Amino acid sequence: MKILRNERFINILIPIVAAILGLLVGGIIMLIGGYDPVFGYQSLFDGMVGDPKALGETVRAMTPLILAGIAVAFAFKTGLFNIGVEGQLLVGWFAAVFVGYKFDLPAVIHIPLSLLAAAAAGALWGFVPGFLKARFRVNEVIVTIMMNYIALYTTSFLIKTYIYGGNEKSYNIKESASLASPFFASITDNSRMHYGIFVALLAAIVMWFLLSKTSKGYELKAVGYNQHASQYAGMSVKGNIILSMVISGAFAGLAGSMEGLGTFQYMNSLSSFTGTGFDGIAVALLGANSAIGIVLASFLFGGLKTAAPEMNFMANVPSELVGIIIALIIFFVASSYVVRWFLTRLGKEGK
Amino acid sequence: MSFLDILALITQAALYSAAPLIFTALGGVFSERSGVVNIGLEGLMLFGAFTGIVTTLTFQDSLGAAAPWLGIGLAALASMIFALIHAVATITLKADQTVSGVALNFLAAGLSVFLIKNIYGKGQTDFIQVRIDKIDVPVLSKIPVIGDLFFKSVPVTSYIAIALAFLVWYIIYKTPFGLRLRSVGEHPMAADTMGINVTAMRYVGVMLSGLFAGIGGAVYATSIATNFSGTTIAGQGFLALAAMIFGKWHPLGALGAALFFGLAQSLSITGEQIPYIQEIPNVLLKIAPYLLTILALTGFVGRADAPKALGTPYEKGKR
Amino acid sequence: MEYVIEMLNIRKEFPGIVANDNITLQVQKGEIHALLGENGAGKSTLMNVLFGLYQPEKGEIKVRGEEVKITNPNVANGLGIGMVHQHFMLVEKFTVTENIILGSEPTKAGKIQIKESAQKIEALSKQYGLSVDPYAKIEDISVGMQQRVEILKTLYRGADILIFDEPTAVLTPQEIQELIQIMKNLIKEGKSIILITHKLKEIMSVCDRCTVIRKGKGIGTVTVADTNADELASLMVGREVHFKTTKKDAVPQGIVLDIHDLVVEDSRGVSAVNGLNLEVRSGEIVGIAGVEGNGQTELIEAITGLRKAKSGSVKLKDLDLTPLSTRKITEAGVGHIPQDRHKHGLVLDYTIGANTALQTYYKKPFSKGGILNYKKIYEKARTLIKEFDVRTPSEYTPARALSGGNQQKAIIAREVDRSPELLIAAQPTRGLDVGAIEFIHSKLVEERDKGRGVLLISLELDEVMNLSDRIAVIYEGKIVAVVDPKTTNEQELGLLMAGGKQEKVGASS
Amino acid sequence: ACGSDNAEKAGGDGKKSNFKVGMVTDTGGVDDKSFNQSAWEGLQAFGKKHGLEEGTGYKYLQSTKADDYQPNLSKFVEANYDLTFGIGFLMEDDIQKAAEQNPKSNFALVDSILTDAKGNPVTLDNVAAITFKENVGSFLVGVAAANQTKTNKIGFIGGVDSPLIKKFESGFKAGVKSVNPKAEIIVQYAGDFNAPEKGSSIAATMYEQGADIIYHSAGGTGNGVFTEAKNRKKKGQDVWVIGVDRDQHEEGMPENVTLTSMIKRVDVAVQEVTQEAMDGKFPGGKEVVFGLEEDGVGIAPTKDNLTEETLKLVDEYQQKILKGEIKVPATDDEYKEFESTLK
């Protein structure tokens, strides 16, 4: 029991230590680059949570990240590596905008319907690699990578053909489908923070509950750990692989809808990836694939990303520094083996 | 254009755009054969492209045509050192290999542009004045059909890539080093009991992947992009990763897969100007390469068999 | 008397455990020295120390009288020490030759000389009577041959001190006989052997001396000639043990399992089970004796629905199982102790508690409306752990960290507790020490007496003979004979298992 | 609020000292060798002229992702900048939002007008829309190409098939056809502004088909076009590229493959609008169109590779256009119409 508590404590400690180390090294890089780290970090902090607007934008940025992270983590937990979140996100984004624009419905129906469409589209995109893996044992990593490109070109084609509003983007969605929040806007002086955050948090809870509280979750994880034993125990290995990818894809699709119904109200016809899907991988890993961890990681990650321009504006530090810091933090978390070993040793000596 | 001309265009373009993938995929083979997952290929490639361009820009006036080659050389070196981060994290510090790879990508993207801004005071470099040019292979290009198809207006780097694939195959399947590398990726404990230094082998594997990916990136930069910005390498690393898996972690398989990509790619681009194919909706042509890959995997290629110990850090006496 | 190996006061710790606590082991030249101890006693650890895989915290090692520091396997090889590991150290995708030369490959101009090596290996295998196919891939050859490869690995490096860690646990009786012969040859060649085994019979038959360790401590060394199996057993366990499971005669009732003309194809599409007929009655233990690879695996998989039967029927009472899914079959009342506990029996990364729910997690009370009730699951686990005396720090310990013996107990607890009509026990005691074996055997008998039908599949003749009420001999996918353990003997069984003719069979079945 | 006061003061009595102007680049970045860069050069020139400090008087903010646009714009608003440029039509929506939320600060959108959800034009008093007659500029280089092609085959490579790029295409084709109706024009869109390898294989295909001049309007993808042309020039083929947006003569060196370039003087436009704003004549609510008259578009200054005759011809057409004798098409439909009118 002691060890358990100790263990939990360490698990919380590690990311914090890592974050501090990451920022430290980032500061050193600033110095070497000839920038003022103190001012740099101050403006970075301001840009993250310095004022209501910054905070709002941070929340806005973390919303899709949470969902993307959850999508990655869910697949991970069930032994699958879903690099396809990016593509699933794109089709979800399109589906949400399409439904949001094409239909005229009361908000109570329109919003859920658009979200549903996004989830469904993402799920479909996740189904393909899931099915191919289950049925033909095709490596999901390749298929998801390929599906990303297919999504990229397909969505921009669909936008151009069905909902093109000029200037390389779709028409805006109807008011009734929008997650934009006048209320949040008013309290965060016009940040784009929107109601999607609730969707994201809910999704996080769903993932946690599904995996750790339900018998389905027990199955999904078992299949992830040991397919033979799962089969021996009468579980459907194929079914669970597919299901896992479908659920993962659905989360990713929702991430897309956050952009479509929340941040932008439309979809650009993109010719290159948004990167959110890949950020999702980082967030998931940073959050140790746990729901709460992912939310926190998204906050840090999203915050840093939104704050980067502020840092650039005030202290002239290139925004890329943020990317470096994030990478460093991930490294330190990943290499926690040592930290962990060290801390446990301390714990032991302590008793 | 005669059918032959069209075909020549396609094969030439294929060889042209496949080269960077081949190099990088070969790098992936080394790393993953030693049991270390390398999602970081993208980042390593990016870092190689960065080094390649910066070097070329710096030396093109003094060295002229030799500059890009020096660039490729230094890129190999730089990315190899960069890969060391991945090695230390995953092998020594037992970090999750996927995590570390992802972090590597972020680091490369951030660092390279950060440095570019620091060096040149802007986010993307000028164009290099001397490139790795497309050439006609002296004698061979004169051979009737074959010459046009395979030996005209293709950068020499493409041939190096192909030759290298065979070399790597020989190394991995015919030499003690190769045997040991594979044993470490299949069953590290067994290798250990046979007195093979698992850690050392894996370090070598990862660093070689850096070396090759670096070359891949530099080749892309000096023969295709001809300048560097944050978006110069956008997904090629992941395509190389896919090619490696597609090729079943086998050097020649990876070569085949990369060429397949290149072919499908150039077909979909050139296709828009070829009678009949022209008729196919543009979007279908665009997604064709990726669809074809999936189909190929599902259909005749069958299931890829990863090295047994891939992704698991080696700890003595762990069962 | 000169010692080739002296391990003096060796201490080796693992986080939390002292695996070897001041153990001393002295091996004489030209002897077969047995190392005996319960699961987890510390035998493998001690040998891994000798082989340079682990570094001891304390103690010194002398080889041929000289003190040495064995910092890694290379050093051990250099000293002429070779080890055949408990869990084979072979690269499955490599050929026999590649596995043997790995690490010391003969090359010409940087290229490995495969042909030359293969020839050298062939020569070696002739010299010691270890028949192997140098070009065969490990994944395609029998366990027996794999072990011969392991031995050749050591000989190829010119080892003259050989360590065998539980070599017989995975072998068929025939293979065991061959191995014993091989060891004798090796001794003739002037080599010395350290043998770890849980089978006292083997110690009695081949070993000169025996060192016993218990819970990491050295108990002492005895000369085999002046001792007997019972004494060794009690030395090892620290109490009396009974080998022959005491059981009253079976009172078979109605038929539980009725297999009729069953044909099952293996993954290569060959009929591994080929028109097999068998019945098991409630209240009896039917043992299936046979040489590995005669269709045992496919038979079990077919009964349990892990593999679809090609034709024929498998009836549980009156219910035909062949069309049913594994889960349906389990629910119909079939319990299954799988032969590979790590591959099929457990999710090693789940806690031992979670593993005890592997067959029932989705049922009330463990799961209501798809929601798990972990409280109930772990309550149940606690009772099972107590009842089956599974040695584990807690029910929250990952299954991975338990010894095979205790892992096996957990599996049996799980399967037996569902009180199935039919209990299939495949290799239930492979690799376990006598204490554990005794316990598991008594459990199986207990089940029988509760009126269950027990189908026992084992490669160990003793186990089959001492546990079964009827013995069915399987050969090339058919039951070629059903004999009575009381009237039969190893010779007869061995003959039948080898496909020998079966005049006397009519009599005995 | 206070931001606006400043604006009015600054404008009103033309006090240079505290006049502040900013620009937000699109994801291309300030050194995209294209309109972002050109716009920045404009601001720099303006800054020098009025002795403003970079960073305090004039400044740019780089956008790395589409969702940076809005925060970046508001950064300038919060810092009380008198005028903020949004470079590129991608920023249309964000400019609109920012302008609505901060009615007292001024914005200028380059390359597009404001539209509502339905795509109909709208105007805001604090937003000036700056657009260019790319079709006209492209027409002129079209004329040049038509007159200098030896194969009567000419290529056009567009980045992404969009109304904006269509302006380039239509104008260019019109220019070619009006000089040389027999000339064949091959058109292909790469579907990507950042895919040099696509650029070069498309170019290769066009050159193989016999085209000897290619006009690209494809940003980074265009780099591939230059690479391909240089490779061929090296091997002695007589092939050319026509650059876009800026004088791309440099990009053609050392092999010298840049025939000429269609220049789009974003720098000029930015300077003028800023000047007006400074003088309190900010053209809010208006669309400021830059064509030949305003020398906002035209043919590049480096003319070494054009023959005298070509230059004369270009000049003639320039006059015709200025006189309004030629109405240069900007869309596919207009082009069809135009084509039918050619004799």
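By written order: A, B, C and D. Residues from 1 in each chain.
Keep this in mind: a contact is a pair of C-beta atoms (placed from the backbone, for glycine too) under 8 Å apart; a residue touches a chain by one contact, two chains touch by 3 or more.
Chain labels with UniProt names: A = Branched-chain amino acid ABC transporter permease; B = Sugar ABC transporter permease; C = Heme ABC transporter ATP-binding protein.
Keep in mind it's a predicted model, so treat the numbers as computed, not measured.
Chains that touch both chain A and chain B are the following: C, D. On a Cα centroid basis, the chain most remote from chain B in this structure is C. One inter-chain figure worth recording: chain A and chain C are separated by 47 Å, centre to centre, where each centre is the mean of the chain's CA atoms.
Remark: chain C and chain D have CA centroids separated by 77 Å (rounded to whole angstrom). As a whole-number value, the distance joining the C-alpha centres of chain B and chain D reads 36 Å. Multi-chain contact residues of chain B (touching two or more other chains) are listed as 230-231, 234, 282, 286.
Counting partner chains per residue, chain A has residues 153, 272 touching two or more of them. Checking each pair of chains for touch leaves A-B, A-C, A-D, B-C, B-D.
Across the interface of their complex, chain B is touched by residues 29, 33-34, 81, 83, 128, 132, 136-139, 141-143, 145-150, 153-154, 157, 272-273, 278, 281-282, 285, 318, 320-328, 330-331, 333-338 of chain A.
On the chain A side of its complex with chain C, the touching residues are 4, 213-219, 221-222, 225-226, 228-235. Across the interface of their complex, chain D is touched by residues 53, 57, 60-61, 153, 156, 160, 165-169, 171-172, 190, 192, 259, 263-266, 268-269, 271-272, 274-275, 305-306, 308-310, 312-313, 316, 319 of chain A. Chain C meets chain A in the complex at residues 304-306, 325-330, 336, 338, 343-350, 354, 358-359, 361-362, 366-367, 370-372, 396.
Across the interface of their complex, chain B is touched by residues 29-33, 62, 64, 186, 188-191, 194, 196-198, 200-202, 204-206, 208-209, 220, 223-224, 226-227, 230-232, 234-235, 250-251, 253-254 of chain D.
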